[in-house]
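For reference, the structure I am asking about is given below.
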Amino acid sequence: MKEILVLVFAAASLTDALKEIAASWEIAGGERIVFNFAASSLLARQIREGAPADVFLSADEAQMDGLERAGLVVPGTRRSVLSNTLVAVVPKDSALRIASARDLAGPGVERLALAEPTSVPAGVYSKKFFERVGIWDALAPKVVPTENARATLAAVESGNVDAGIVYRTDAAISKHVRIAFEIPAAMGPAISYPFALVKGAPRETEARRFLAYLGSPAARAVFVRYGFLVKD
Amino acid sequence: MTLSLEGLRLPLTSFALELDATLSAHVTAVFGPSGAGKTSLLEAVAGLRRPETGRIVLSGRVLDDAAAGIHVPPRERAVGYVTQDDSLFPHLSVAGNLRYGAGRGVARKAPFGEDRIVDTLGLASLLDRSPATLSGGERRRVALGRALLSAPEILLLDEPLSGLDRPLKERVLEHLLKVKAAFPLPILYVTHEAAEVAALADEVVVLDAGHLAARGAPIDVLRDGTPGPAGRSIAG
Amino acid sequence: MSEFAVDLPVVWFTLRVAALAVLLLAPFGLALALLLARRRFPGKALLETLVSLPLVLPPVATGLLLLKFLGRRGPGGRAARTLFGMDVVFTWKAVVVAMMVMSLPLLVRTARVAFEEVNPRLEAVARTLGASEARVLSTVTFPLASRGIAAGLLLAFARALGEFGATILVAGNIPGRTTTIATAIYNDVQTGLDGRAYGLLAVSAALAFGAIFLSEVWLKRRTNA
């Protein structure tokens, strides 16, 4: 009998939490889950080009909106359960003293890594925040755009940039960065992770089941443990 | 001039060239079948090959001494080497080729000027031509002129008449005789044709599988019917 | 599809850094080609393999090695900081280095063949005519190999223009600073700006076509000894 796989396209920031959730799902008898982790903008693009994804877990509403407008989301399956906060991180051995966003504009920070601010959710959120605080113009020349939030993390870990903006959940799993300051949810943009079933999903029944599982108390507990905020 | 080859040993593909001889004629022919080691001998005198053992001394100047580790590089040897395929520089004109070594000629206060060489070899009309457009005989003469213009102390000619048809052979031979007459320059002339030996050489040295098989005046050596394949070329 | 457009500043930037890369690469690459063409020495096979590696390794793998070396914590990066007070990664300098490394094999291999095709007899005769090694190189070897060398340089340039995998790792994709034609296409595709992507694709194809075509013509009309 051919093994059934559910193909899940998910934002990079969900990597570790999802892997754990999928493992428990499979142990409990669920179908095998195969993940494609990348920036939500890239994933949305791939789905638009016909990638055979069953489920899309996006890091921002805009990407999901785009797919919905293109008729690629199964109506009634879209739910936004998770949220996150942004943090500024520096390499663990950095001597820089950064306590607030304004410090990022200072001369000590030559390079600031962000996920691509025009398309990748983590970068879009960061830019919105900096615009709101009024320092985006000062920061823009220092920005080194990266592929996604995890790439930002890697850039900071390598020491090739002075600081980076990532999700709090990303900072939590890294041993080579430390958090310089956190952008409180109230001050930052509203981060929201919409989940939905992709229209024409090859394995619709199984995908629906997994999607439902993602909203279960067991899955939520895992998300919370990794630092995500659960909306209710 | 005296060219001394003392205990010379040059390993080749299937045998070694071993010579011990002193050559002092105006034109010395090195005669023997193909593969006897004649070209390698010229290359050694020109400094393009290093002997395994032995010495090469030209007019008292040591060019090679294997035991003492002496090897004078080609550029300092003042030899004029005309290869079997002329080796004209295809990207230079005839004039460019001729003058390539002339700097050294001027530096050494060349006894023969450019005009004389061009005249003797009849090169005046060819100066602006490209080597690719020349006939076999013309190329040969340009190669000869080029070597002469670099004021060599000895001229090394590797089968200069090979690959030419009969009438051309005669013409180039004429030029060679003119060169011999016009320039008091020792010439080492490699060939496997007895007729050329007879026409040009004052002395002939016969090589067979890397060894000196005979030497002497052409009349004596060739008439004796030298042993081996060399003998055949006289008969045929 | 978004509007068809050609991002000229990006094209111009790419042409400039690629030209600089080839210019800096040429002396080293040609010397290497000459060495491989003329000399035998222990370890030659190893050197040949190393030189050919960027041709066969996935470009991102080469990019990773470069990143480790040129990053702030790597030996190259640290040297650049101490000696010149500058960073290499995430600047146009890293783009140049990535292009140089990726183009090296093409230049060396093409130029090597060109040098090997120069009849060594001609060089030998030049020496007997009194030419120094430098004069032999400049008046015989290089002129006779010139078409092949030019073809090699052009191929190296074309390769540099198209370089992506190593560049994106080591220089990132910083608009206005390190964005090349290739990385701009990648970005435009990701952000849905297909019109711009196609514009750059057209330019890229035209440049590549021109370079390869010219290179082939030159290779066919090599001077023979």
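Should a chain be cited, it is by its letter among A, B and C, assigned in written order, with residues numbered from 1 in that chain.
Throughout what follows, a contact is a pair of C-beta atoms (placed from the backbone, for glycine too) under 8 Å apart; a residue touches a chain by one contact, two chains touch by 3 or more.
Just so you know, these numbers come straight off a predicted model, no measurement behind them.
When each chain is reduced to the average of its Cα atoms, B sits farthest from chain A.
Which two chains touch most often is answered by the contact tally, and the pair is B-C.
Of all chains shown, C has the CA centroid lying nearest to the centroid of every protein CA atom.
Put simply, the C-alpha centre of chain B and that of chain C have 46 angstrom between them. Centre-to-centre separation between chain A and chain C, using Cα means, comes to 37 Å. Between the CA-based centres of chain A and chain B the separation comes to 82 Å, rounded to the whole angstrom. Residue positions of chain A in touch with at least two other chains are not found.
Across the complex, chain C meets chain A through its residues 67, 71-73, 77, 87, 89-90, 172-175, 187, 189-192. Within the complex formed with chain C, the chain B residues making contact are 46-48, 73-75, 77-81, 83, 85, 87, 89-91, 100-101, 103-104, 146-147, 150. Of all residues in chain A, only 39, 41-42, 45, 110-111, 116, 118-119, 143-146, 158-161 touch chain C in the complex they form. Touching chain B in their complex are the following residues of chain C: 119, 121-122, 124-132, 139-140, 143-144, 223-225.
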